[in-house]
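Quick heads-up: structures coming right below.
In what follows, subunit A forms one complex with subunit B and a second complex with subunit C.
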Partner chain A sequence: MTDARVEVSAESRSVRISLSGEIDLANAAAVEDEIREAVSNQPVIVSVDLTDLNYMDSAGVRILFTLASRLQALRITLELIVPPGSSTRRLIELSGFESLAALKPAGP
Partner chain B sequence: MGYALLVSTPGEPSDTPAADDYRLRRIESVTDAALAHLDVEDLLGELLDRVRELLEVDTATVLLLDSSCQQLVATAARGIEAVVRQGIRIPMGKGFAGRVAAEKSPVIIEQVDHTNVLYPFFREHGICSLLGVPLLISGTVIGVLHVGTLAPRRFTDDDVSLLQIVADRVALATQSRRAEVDRAAAVVLQRSLLPARLPVVPGLEIAARYVPAENGGVSGDWYDVFTLPSGWLCVVIGDVVGRGLVAADVMGRLRSVLRGYALLGGDPAEVLGRLDQQVQHFDPETMATLLLAMFEPSFGRLHLSSAGHPPPVLALPGQPAVLLDVPSDHPVGVPGGLRRRATTITVPPGALLCFYTDGLVESRNTSLNVGLDRLCGSVVAGPVDSVCAEIMARLVGDDPAGDDVAILALRRQDSGEIGPLDLVMPALPWSLRDIRFAVRRWLSAVGAAPRTVADLLVAVGEASTNAVEHAYGPGGGTVSVHLELQMPDVLATVRDTGRWRPPRGENRGRGTMFMRNCSDDLRIDHSPTGTNVVIRRRLGEEAPR
Partner chain C sequence: MTYLDSGTSMPNHGADSDSDESVLSLELRTTASTVSIPTIRTVAADLAARADFDLDSIDDLRMAVDDLCAMLVRIAAADATLYCTFTVRPERIEVAAETDVDDLADPLPTGSFAWRVLQCLADEVGATSVPAEPGRRGRVRITLAKDALTAPQP
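Then we have the complex of A and B:
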């Protein structure tokens, strides 16, 4: 079974979600559930850190799109931390995700 | 009949010689022929029935010595079956049976009371008189045979002699049957623990030989080769001190525990450290030498740690083989050792490594150094099977093996030697991870550039996901992945035998778009018999469109 970890650190106005491991069709639904539970309607900004994600394909990108549209409706800002040159970064760029969220090279 | 001589002690009253002869022939028929096919327990039961009849007694019991705890364990009984069912154990030297065993001579009790038996058992069952004789194998006690009567009985010397003859036969039969069972169990155990088929790993050629010592039964030599989810490949060779079933059992435990600890991660020194800690706590009697080697997923580097095990041999293409300079730390199970060390070596394509146990290089006739020189002289960076054959021919030859010999040879293949990868997996979501694992390993073995690896993982992943998600109905099916080199490209084919449902949802289009962008050329052929996705991608560093 594909393994991914979803780690959440929440502060009053921001939530940081770090994804590590791999995401594919086998675990996408589970990862999506964990992310959904992590985000309440309180924060102003949600950052998703993909630095330690070893593999992701369209199943993972779809999670990000779903999250982005939900946060847009809640007027919560989304940013993605994704290292330049990584495979994950390329897929996100290819999918046109940049119009929905800021891509940052590294976390604070 | 020679047996009559054994019982007719001079001056002793007995029945007619013809009657003795008759008795003995019955014993003989029971011990030698008719029961050859029975296991120890059944054999004992049958013998006890006969003894009961022969001596006209009410109970007959065999207790066998469990040497590990110096207790006599009721193993078979007639007339008082409860002693076996209740698992009666008598400490050596205690009670009636314990006295027979400790004194190694017959004991007679005419009237059972609380002073001469350990448990109230006999009295509760109304047993009045007892006769016990030791089961002896070349002077060593392996158990006790005793008979009892409900009515008071004065056992005669004749009874004693007769029972002792039966006891000797019981002892022999038990001993030989036990040894046979032990040997068979140890062989089965060891065979089941050595990997029957070594893992097939693209990029590595692996071969092994294991030959048990000729007359000592099995010992605790073992080897193991397994991959970790991270793509690392672990190689273990070890030697448990001791022989037989016990050593084989310890080896089995070490093997499982080591696999478990390897799964937790860490370098080989850390893994051996955990194993050592475990052994010292739970198996303090155990000592083993072993070598743990862990290949990085690319096979380009090897990390090793040795627990008192002889160093492996490394042969590079076109060069004489050498012993690897691996610092040898204390064997596993030895308390008070210092910290364990790990060594890292580079393994260029074509290089061969040979792991072995000391039985290969140490023998009565040759010294260790001569053995090691001879080993290095036999190893070349060539096909692993012929290297193993050459080693066995030159180091073992025609001599009977005095000790177990285990060898394991691994050669890193040149990228040109690596054949295509063929996988057939169930079209289920959890196959995707296994497909990625195999594809990643194959690509790194053929020397694909990191970008190529990342792109092909996505392209093959998306094609496989489509087969999993869209090709089949509830009956399911398979997805086949084929990778081959067509220099300068890698050609990947992902095939299913179903019919894709019409595309639905935004995500579906995205998957195909990723596939297209991650390949230099992409063809998707749908037909009534299935779908073929053919992905072509440069092996070397060259960005696609």
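Then we have the complex of A and C:
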């Protein structure tokens, strides 16, 4: 079974979601639910930190696209923290996600 | 598409090109379930690493094989088997996977997001299907090929 952890730290204006482990078809729906619950209030910015994510396939990218379109409708800014050169970064770049959210190499 | 004759599983057994000692062939047969996918993608990455693929190509093949299997698992019939064959050639790995599907008008998932990702990750991608008929399940087969070196990004 594929395991992922979703850790959420929320402040008044921002939510930071750190993903670790692996995301694929087996656990994508569960991860998506956890992320949806994490953004229940109305922050100004949501950052998703993929630094500690060991593996993600296109099911993971779908989660990010779904999140991006939801946040766009709510006028909430989305940023992704993805280490340069990682396979996750390559996958995100291949999928054309950069038009939807800023990609940052490291967190603040 | 002779491989679809009833009773046959995978194609090209003993084909001349595959009897070469420099070509390694490996077959996995699993239940068509998400539980199988981590193992299959790990095998893919291991084969690529042993074949001296560069790191980006190993990552690409791992994700491509994952997506390929995930597509088939999504559309597989209940209790279907997933067949996955790897052919490791010098500088190139070919993957063919197939599974049975229930009656679907157009079971090829070639318009999906995962399919577009697959096309980006692999050097060649193909899919074929045979529709179900009364008393016989359909079958979908997806193939990909990945070269050892990732072409430099422009």
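The rule is simple: the second predicted complex is superposed on the first by the 107 of 108 C-alpha atoms of A that agree within 3 Å, B and C clash if a C-alpha of one lies under 4 Å from a C-alpha of the other, contacts with A are read in each partner's own complex, and residues count from 1 in each chain.
In this section, a contact is a pair of C-beta atoms (placed from the backbone, for glycine too) under 8 Å apart; a residue touches a chain by one contact, two chains touch by 3 or more.
Not measured: the values here are computed from a predicted model.
S.K.: Once both complexes are superposed via subunit A, do subunit B and subunit C end up clashing or fitting?
M.R.: Superposition result for subunit B and subunit C: clash.
S.K.: First (subunit B), second (subunit C), both or neither: which does A:Glu22 touch?
M.R.: A:Glu22 sits against subunit B and subunit C alike.
S.K.: Given the touch rule stated above, what does A:Asp57 touch, subunit B (first), subunit C (second), both, or neither?
M.R.: After superposition on chain A, A:Asp57 lies in contact with both partners, subunit B and subunit C.
S.K.: Applying the touch criterion given at the start, work out whether A:Ser40 contacts subunit B, subunit C, both or neither, answering first, second, both or neither.
M.R.: neither
S.K.: Which partner does A:Ser9 reach: the first (subunit B), the second (subunit C), both, or neither?
M.R.: So A:Ser9 meets neither subunit B nor subunit C here.
S.K.: Does subunit B (first) or subunit C (second) touch A:Ser69, or do both, or does neither?
M.R.: neither
S.K.: Shared contact residues on subunit A, subunit B side and subunit C side combined as an intersection?
M.R.: 1-2, 22, 24-26, 55, 57-59, 61-62, 65, 87, 90-91, 94-95
S.K.: Looking at the complex, which residues from subunit C come into contact with subunit A?
M.R.: Contact set of subunit C toward subunit A: 34-35, 37-38, 41, 56, 59-60, 62-63, 66-67, 70, 73-74, 113-114, 116-118, 120-121.
S.K.: Once bound in the complex, which stretches of subunit A touch subunit B?
M.R.: These residues of subunit A touch subunit B: 1-3, 22, 24-26, 55, 57-59, 61-62, 65, 87, 90-91, 94-95.
S.K.: Per the contact definition, I'd like the list of subunit A residues that touch subunit C in the complex.
M.R.: Its residues touching subunit C are 1-2, 22, 24-26, 55, 57-59, 61-62, 65, 87, 90-91, 94-95.
S.K.: Enumerate the contact residues on subunit B facing subunit A in the complex.
M.R.: On the subunit B side, the touching residues are 229, 429-430, 432-433, 436, 454-455, 457-458, 461-462, 465, 468-469, 506-507, 510-511, 513-514, 517.
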